[in-house]
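Going in written order, the chains are labelled A, B and C, and every chain counts its residues from 1.
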Amino acid sequence: MKHLKTWLAAAALAALATGAHADVTIGVSVPLTGPTSALGIPSKNGISLWPSTIAGEKLNVIVLDDATDPTVGVKNARRFVTEDKVDLIVGSAATPIAIAMSDVAAEAQTVQLALSPIPLPEGKGAWTFRLPQSTAVMSIPIVEHWKKTGVKTFGFVGYADAYGEAWLKDITALATAAGIKSVGVERFARADTSITGQALKLVGANPDAILIAASGSGAAMPHKGLVERGYPKGKIYQTHGAATLDLIRVGGKDVEGSFVSSGPALVAPKLPDSNPSKALGVRFIEQYEKAFGPKSANQFGAHAFDAAIVLEKIIPMALKKARPGTKEFRAALKEALETAGRIPVSQGVLNYTATDHFGFTPDTGVLLKVTNGDWEVVK
Amino acid sequence: MTSSRWFLLAFAAALALLPQLPVPEFWVTQLNYIGLYALVVIGLVLLTGIAGLTSFGQAAFVGIGAYSSAWLTLNLGLSPWLAVFGGLALTALAALLLGWITLRMSGHYLPLATIAWCLSLYYLFGNLEALGRYDGLLGIAPLSVFGLPLNTGRSFFYLLWALVMLAALAATQLLDSRSGRALRALKGGSTMPEAMGIDTFRAKVTVFVLAALLAGMSGWLFAHFQRSVNPSPFGLKMGIEYLFMAVIGGVGQVWGALAGAAVVKLLEDQLQVLLPRLLGGSGSYEVIVFGVLLVGVLQYARDGLWAAVVARLPRRARRRDWADAAPLPEAARPPHGELVLDVHSVRKEFGGLVAVNDVSFQVRAGEIVGLIGPNGAGKSTTFNLVSGVLPLTRGEVRLRGERIDGLPSRGIARRGVSRTFQHVKMVPEMTVLENVALGAHRRGRRGVLPAMLRLERDEERRLLREAERQLQRVGMADRLDELAGNLALGPQRLMEIARALSADPSLLLLDEPAAGLRHQEKRALAGVLRQLRAEGLSILLVEHDMDLVMDVSDRIVVMEFGTQLMQGTPAEVQASAAVRAAYLGTEH
Amino acid sequence: MDLSIAGILLLDGATSGAVYALLALALVLVFAVTRVIFIPQGEFVAYGALTLAMLQMGKLPGTVWLLAVLAVLATLRDAFAAVRAGQPAGRIARDAARSLAGPAVVALLALWAAPRQLPLVLQSLLALAIVTPLGPLVYRLAYRPLADAPVLVLLIVSVGVHFALTGLGLLFFGAEGFRNPSFWDERFRAGPLVLSGQALIIFLVSAALIVGLGLFFGRTLRGKALRATAVNRLGARLMGISTDGAGRWSMGLAAFIGALSGLLIGPTTTMFYDTGFLIGLKGFVAAIFGGLASYPGAAAGALFVGWLESFGSFWASAYKEVIVFTMILPVLLWRSVTHGQTDDE
């Protein structure tokens, strides 16, 4: 107990001591544990690829785990703005947490770069900017393909959480506008061992296409479940959360010939040279795989990597107006984001405005097809 | 003013001062969360530490409180001060329903049920459209006092900690009262409290709802502090953490709740920051450390932190303020010789085994009847049949003309029958005086609410006076403030008798009262019994000590193998060859 | 819903039920001998599957490190206790060596074999060999000092162990899931019903375990002796039954069944580091069904839960979890009432 007190005192002092320097201080809160750790850990990996200085200012990055718990996320955010006096908050990668943090960011008038395309009610989110593409933008390549291939009805099976909810809303809206009807909606949990009941019901409704809204290796199980029920692989579509090699690794031959919506980062080498994101994407994949192993690159690492690109654009702009650690600097960062114009990143092209904090242009998404265990871009 | 009162005042003063000092905002936030957790843990201390009902699911009640208040303020525009009543009402309703199902379960089924409904409610929260599913509800208004919104940590701090202190005080005051004694008796099983006239099921539901209300209130505060709610803080993990806080702080101590909440919260936070810095890599370390710590605490410090603190503080004796309290009203004793207990052909079968075989006897007012027989004769079983602990297979038991067989033991207790037990059943953590006062439970009537508000002091003094009187009668008046668990077996038995007497019975059932007593104590006991008989009490006595039985009994009933062998005066029994054969065997 | 759909759902429910039954059996086993409600059983399942997955990828599984560390800790603790008790140094050294020998051999074997991509069967055996000794080690470190504590304290200890093992699981295996290759790729068809060979193996193993464990604990002297340790520890020791040995043995068997279950389940679903908990919880519901005492009862409970899940996910997939966990309550109530009016333990 004696030592514990010493540790506690030391930690308290350390916590107090941070944050009064001229460095640019950035607070990052991502889920490193809990059910969405598959989103948080790659995000943290992406952050570790950030440069150590931008425009001559040292980057002081504080990374905290929010354990997939919005309460912890809010605590982290409060700690960032009061204790560490950060200039900018990054996080979280899980939707409910990022939503909860947005209130704290708005109150403290600090920019939040959310790693999840969170929906916020009207009037809120003045200080929140999303780094990932919105599900609406990611729905576009899928619905376009459906229109092209004459799909008239579709079925949906997705996570019973914020991710699945967002996808259901956006894909239904876009599809209905294109005259495509929804004939079945099923939900499941990542921890489920099978979706036989849901698959039976959905396949029984015989839709022309089925969309699976899941992420990472968790997207493989429903895919295999549908295939087992006899549904043709070529009619199954996955969301961008599943655009990782983990899907192919776990799904095996059952995902061959299926489609996945994705940002451009993962298939950067296959993009045409004219694509503004190609060079950045190639650089991302190179750096990420060098640090974390071959075939490890994924969407979430790319978004975190893109944050650095955005920072490299806006920090110099803000430095012209104020010093780091001041309220003016934080306001200047917000202004810079809204006026910077087009920022090419590995995942597309960002163009934030005062009214649009989602940023990505509608032609950002690409449709990929799983071919021979790798991605192929569908034209 | 006692030292603990001083300490309490100092603590409250420190809390009141804290937000005004230049303490970093971070620590104010920490203390706020500690306060929110402490509210829930106080309820858990009452539920698990005192009443012995382990609950892993308190987090679900926090959720009900938080969501209802959030929904009411967002959708109906109610002020949070009104919404809290809605929230608490809903929490109480849910607690009544869940308690009704859960509290009928015994042993380890109960905590398993709490896990089940905690998970069930968590998934329900996450799936209801009206509650925002997994995104939850946002933009909840802060609480405001006289128009001032409590939207900063410091301003919220006052309200929160005022409520925490009130809750802790109320809980402490509850425990030191008639209802509190009833709750503390629950842990050792329901046989003894029922025999004292306490409705144990009702008591369990009461403490369950109380704990739920505290959790619900914490939820209400949480919703208006964080200003957004979603399902994650109301899941099983948090439920387990609350229990962890209670265990670390000392699950039987109300103030331990605060200590436990503080230690766990601070530790968790520091681990979250420290360990990744020390060890690098992804931060699942604090979960591992938590798990290991939990096991460690249970292995080495099971009574928790606060118990260690309390053990070092001098225990103060209770202030004797009841000397001038009015005596409790006593029921009129039946006239000497009237038939008090009529046991008619009672039979008890356990499957194929006949434990009590059509036994009949009577006890009259002002009479001591002894029930003897070799071991296994069925004496204690007969006792349990008479006092309602076991149901009869056949036969009748009448108390002053009224049939009492088939009544639950507390119904029989309320009709003036009081008993002691073959294996002493008491509450070891309470003092001797408090244990004896437990016997007088049905002679009081002030319940939980007056106890928490300290409005029942008059009745309490009367009850304690009665308890002291009975202790004087059995010769233990000098040991009022000793912990009952520290007594030797002999004084424990005397204490049990004093407790039985506190109930003002007309019939006293004593199950081997002299077992473990020394010779002088037995003589004193015999004197007490004779005195009671002179006052008109009827006594049914099971004993093995022949000297005592033959000395005090007016009549003796002898049983062997469940059957009544003979009845008669001590002289007749001693002369009977059948009795001698039963005890010593026949000659060959 | 027509007959073929009902048939498919019944089969699917039965298949999940067989998985839950494997866990339920181990839980009943541990409870019957040690009175521990072994919540971490699910973690052994996950460890088994994921250790094999790591070996399949040619990496050294983190569980090997855990095995080594736990073995050292347990040996040290026992050695300290022996020194304090004044035992002769030779005996202490011998006991320590014996305690370390098994885990050391397995660890070295794993170190050698991991990069070598041995055939599936050998790798599976290695995974079993790595995970099974974790059972007795967990018993020695976490439960043995509290062997006489009431069931509730042991339950809380189980929760602590579960936290620790889950956190370690994330550390060892990462956040992504794995799917192992199956042992038997055949598929058997009967009309619309499809039974995979893997599922058939699971059924057979479950059935064999139910029968085997039921016979062992019900009919053999050794089995009854082990049950006696749960009823009255002191009495059992006076009869010459080693309660410590009983505890280690039962948890070792539970870890073995858990790891085996993980190997069997691994090919049928994606295993994450935290998959074990939810499967374990449902297996636990099934065990409660059997009153934590009866193996056929636990199996029946597992089928019930499996079917509840199957039909629930067909009818109202979003509320499936709510249905399953709410249905436990009447089962618990029923069980508690029929279990008898035991006052306290």
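By our rule, a residue touches a chain if its C-beta (ideal position, glycine included) is under 8 Å from a C-beta of that chain, and two chains touch if they have at least 3 such contacts.
These numbers were taken from a predicted model, which means no experiment stands behind them.
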Of the chains shown, whose Cα centre falls closest to the middle of all protein Cα atoms? C
Can you pull out the chain pair that has more C-beta pairs in contact than any other? B-C
Sort the other chains by how far their Cα centres are from that of subunit A and give me the top one. B
Nearest whole angstrom, what separates the Cα centre of subunit A from the Cα centre of subunit C? 36
Report, in whole Å, the distance between the mean C-alpha point of subunit A and the mean C-alpha point of subunit B. 52
For subunit C, write out the residues touching at least two other chains, lowest number first. 167, 170, 318, 321
Counting only residues that touch at least 2 other chains, which ones in subunit A make the list? 33, 37, 41, 160
Multi-chain touching residues of subunit B, meaning two or more other chains, are 127, 282, 284, 287
For the complex, which residues does subunit B have touching subunit C? 52, 54, 101-102, 104-113, 115-117, 119-120, 123-124, 127, 188-191, 240, 243, 247, 281-282, 284-288, 290-295, 298-299, 302
Report the residues of subunit A in contact with subunit C in the complex, numbered from low to high. 33, 35, 37-38, 40-41, 160, 186-198, 200-201, 204, 216-218, 220-221, 228, 246, 250, 252
How about subunit C: which of its residues touch subunit A in the complex? 5, 8-9, 12, 15-16, 19, 167, 170, 174-179, 194, 265, 268-270, 272, 274-275, 277-279, 309-315, 317-318, 320-321
Complex contact set, residues of subunit B against subunit A: 24-26, 29, 33, 126-127, 133-136, 138-139, 153, 226-228, 230, 232-233, 266, 270, 272-274, 276, 282-284, 287
Quick one: which bits of subunit A touch subunit B in the complex? Just the residue numbers, please. 7-8, 11, 15-16, 32-33, 37, 41, 44, 63-65, 68-71, 74-75, 78-79, 82-83, 95-96, 99-100, 103, 119-121, 124, 160-162, 165
